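Step one of this worksheet: look at the structure below.
Here the chain labels run A, B and C in written order, and each chain numbers its own residues starting at 1.
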Amino acid sequence: MVNQSATRGEARSGRRALLLAVPVAIVSMAPLVWAGISSLRPGEEIFRYLSPFSWRTLFPESVSLDNYLSVLQSPFALALVNSVSVAFFGVALGLVVAALAGYALAVLPFPGRTAVFAFMVVCFLVPFEAIAIPLSASFREMGLANSYAGLILPALGNGLSIFLLRQFFMGIPSSLAEAGRLDGLSWFGVLRRIYLPLSRGPMIGAGLILFVFQWQSFLWPLLIAPAPDVRVAPVAIADFAQETGVDYGQMFAAAILTAAIPLLLLLFFQRHFTGSTASSGTKE
Amino acid sequence: MTSVTARTEREVTRGRTRRSLVRRETWISAVVLLLPAVVLLLLLRIIPTVTAMAEAVPLGGERSPWSNFAYIFSDPSFLNSVWVTLLFSVIVNPIQIALALALAVLLTKHIPAVGLWRTFILLPIAVPQAVSAIIWLVMLRPDGPLNGLASAIGLPTVPWLTEPGWALISIVIVCSWVGVGYWMTFLVTGIKEIPSSLYEASALDGANGWRQFWSITLPGLRRPLLFVLVADTVSNFLVFAPVRILTQGGPQGGTDLLMHNISERAYTLGDTQAASAATLVLVAIVIVVVTIQFRMLPGKED
Amino acid sequence: MRGPRTLSAAIVLVAGVAVTGCQASGSEEVTLTFLNPHAGAYEPVAEAFEQAHPGVSIELQSVPFEQMVEQTQARLSSGDTSIDIVSVDPPRLANMVQQGFLTEETDHLPEMEANVSQAAISSVTVDDRQWAYPLWTSDNFLFYNRTLLEEAGLPVPGPTSADRLTWEEVVDMSRSLVDAGDAQYGIGMDQVDRYYALQPLLESMGAGPGLEGPDGLTPAVDTEEWERFGQWYGGLYADGLAPRGVDPAQMVDLFRAGHSAFLLGGASAIGRIADGDFPGEWGIAPHPYFADGPIVTPTDSWAIGVSATSEHQEIARDFVQFATLDPQGAQLASSVNTLPPVQHEAFDEYVGYIQELAPEQTAHFGELFQEDTEHYARHRPTSAGYVQFESEMNNAFSDIRNGADPRRVLGSAQEALERQLDRLRELAAEAEGNER
């Protein structure tokens, strides 16, 4: 009885929440939708109907995929492939490093734990742009210029993802770890058998941090990997902004393609969010 | 009798050795687990930072080691950018965290296609910053769509990027457009980790949504919220690309955030010494703020 | 015309092969890296050079224009030996020379003199010595929306230097168009707020270039004339004759969408305007001047230099000379982004190309360009502090455009520049002291 009424109440509040969520989602998407529409227009039409604001601002006179075709034939296509590969390795390796460290900091009782944690926090306080020049000089000396390794390595030392996982691992009752230890599990076994299966959501979150760092990275790739065959998408996109003018149509087309890959990944992982321990958050 | 005592003694000794063995195993495990992260952070963050520090504090030259600090602190543009950065932080952080929290609560309710809405709100972070800033550069033009829409429905137009106060608000808007969905995601994860039995029990007690938020959601979110608070604050201290593309620090220095001021010094003007000194000042400010946040968040760690 | 040019190109190519032939014998493959802010622009010239020089390949590393200064700074100052060739913005040359980024090219002055104008050579000259090879030049023109002017019954500007309008006339026409609601804006500038575009206006109004003294390290931007210019410039925007808050990159689009009656813009705008379907007719007139002052026009564009840390300086120099001084090479190097090359014959070719793009509008384009370059062009100041100066001034113009008080803005720009240039001198003296 009680359960049923709760469910009905939840459904009602869910509908009310939908009325709030949809407008927020629309506001959030609006600039991208505008860019997407612009990418379907021929160059000079983007600005012709910008002002005064009218229905033409949003609906193109004619739709053409020319911008997409020429973007996909430009060096941007290779750059997008590079971005995806670099992000994949960055996330995969970064997650291993972060999970190990976050777990040690959250669960293992060892002297100096707080000090090590403070050290990690300080590391993500340092603005990466400020150390990029000296770091790129030493990378170049080590022969890492214009290589995937040069692009991926800096993303691996990510204090933020360690911090995130530590926070979530601390929320898992320590009795579980103790029970696992009494059953003869090693500390690594406790991580693998108990913590990781319970932390699908936080691991996706840490993956997101690592992904965004790689995906948004601009200054570093420009410094360390300017050669045509290893350029990444944000750098290649900047090519559409030349001294003599910006090709907005192609730039927006490239941006939409760049956003489409994470969009698909996110839609996929959202399903996983709801399918994990999260079932405890939703009813039954 | 004797055998019994001997056995207990043996057991005690064995227990002690086991305990110390366990402690040793724990210690070794900690070293092994932390080693990759510590080595990477040392090489990729700490050593370059020390290099930068060495540049900020030139030793053995004719000048005083602190001359770079003296220079930046006598420079009105630097002092202005410290002030603008603090002002920006005071405005942007509460807004972003409150919005992220509200959206996280909203989007953990039973909404049809909830994943889709969450994804849409998170998506701006996936667009390269250079492009999203250029999109806003058009949106915020005096005759751009935002003002066009405003005047179409009878609202006054706004000098978004052309007046110092509004320009800072524009930066706040652009950063929040990018950031709110991102930080929301971690809070959604946090809310989902809270056992649903707590909500059921309080629903039986007749608690409404507001009371559940204060008595269950917020306490249960303590650790993820501390993460979001610290991480968001830090990232807002380091904002730079939107400023560079939208306002170049202007009008009249009104949006000259520290990171932009520093990058101008380092990259455009080539004054890496002053840039390093300014970076150290920035890092010092962030350390102070973050330390306060760790101290202040209710319910100390451990 | 085609005969001798092809011949001379062939001679240069053969000579090039001979030179490399000597080098390549016994040595292996060479890859030259060319750091530049012009994505795609040098592909044809690089290909031609590679074909003529087996064993040499050229890697074009293009960085965004906005990041070129910082990339050059970051990579050359950290002693990056992987860069052999680098694009040089002439006003920044003095600074690059001071930092020792470039090889000296004075020995090749005769070749330069044979192929490009003295004006172009002086853009790559610091302390009477040459440090790079000039590639392109530039000029600004007054583009006008003929349809708008005719519909409003205003006179259409003439195309030759003799027909040159004054700014007073341009502003009057703009005002009547905007007041009557015939045009949304009167004037746009494709380099709005940038010193490059505004220096000719300042100097035509009688103001100095803003940097004075023998080493160009004494700022003078708070003078009466500068303030007068500031009032005029701010007034354009305060009166709604020109658009606030529109980024330089969107200015040509503003004109070509028919939103502004005039555009002060470079030759690169011709292709972009001719390319789209412009609403009505348009035309090109000479750069205006102030009635009481001299005619002044902007000039100079990118040059190419050889990196002092390059391990292949000789072959790198061969490439740079081919791309700038050789008629065919210079033409290839200008063929993608169609900027005007300084090499004499390549420039003629370029004018022909522009006239194909927009035959009606550009009938007098070539002669106008040359007249401006010979008689009215003013270089930007040669100074190791130009970078500081330009970034400070661009911000100041932007503030004035957005409505800040010119006197206050220029006053604080003057103070900021004094502080920054003092600092520059101090650091330079220290660097010298350390070397000794």
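Some notes on this structure:
Keep in mind that, in the parts below, contacts are C-beta pairs under 8 Å (C-beta built on N, C-alpha and C of every residue); 3 or more make two chains touch, one makes a residue touch a chain.
Treat the numbers as computed from the prediction; the structure is a model and nothing was measured.
Taken pairwise by the contact criterion, the protein chains are fully connected, each one touching every other.
Between A-C and A-B, more contacting C-beta pairs join the chains of A-B. Per-chain CA centroids place subunit A at a distance of 39 Å from subunit C.
Chain geometry summary: the mean Cα position of subunit A and that of subunit B are 15 Å apart. Contact with two or more other chains is made by residues 50-51, 133-134, 238, 241, 246, 248 of subunit A.
Across the assembly, subunit C contributes residues 74, 184, 250 that each touch 2 or more other chains. Residues of subunit B in contact with two or more other chains: 138, 141, 143, 263, 266. Residues of subunit C touching subunit B in their complex: 69-70, 73-74, 77, 95, 99, 184, 243-247, 250, 387-388, 391, 394-395, 398-399, 402-404, 409, 412, 415-416, 419-420, 423, 427, 430, 433-434. Of all residues in subunit A, only 2, 6, 10-11, 13-15, 17-18, 20-22, 24-25, 28-29, 31-32, 34-35, 50-53, 57, 96-98, 100-101, 103-105, 108-111, 113, 116, 119-127, 129-131, 133-135, 138, 153-154, 156-157, 159-160, 162-164, 167-168, 170-171, 186-188, 191, 201-202, 204-205, 208, 212, 215-216, 218, 233-234, 237-238, 241, 246, 248, 251-252, 254-255, 258-259, 261-263, 266-267, 270-271, 273-274, 276-278, 280-283 touch subunit B in the complex they form. Chain contact summary for the complex, subunit B toward subunit C: residues 61-63, 71, 74-77, 137-138, 140-143, 159-163, 248-252, 263-264, 266-271, 273-274. For subunit B in complex with subunit A, the touching residues are 25-27, 29-30, 33-34, 36-38, 40-41, 43-46, 48-49, 51-52, 103, 106-112, 114-132, 134-136, 138-139, 141, 143-145, 147-149, 151-152, 177, 181-182, 185-186, 188-197, 200, 203-204, 209, 223-224, 226-227, 230-231, 234, 238, 240-241, 259, 262-263, 266, 272, 275-276, 279, 282-283, 286-287, 290, 301. Residues of subunit C that touch subunit A in their complex: 35, 37-40, 59-67, 71, 74-75, 78-80, 82, 184, 190, 249-250, 252-254, 256-259, 266, 268-269, 272, 275-279, 337, 339.
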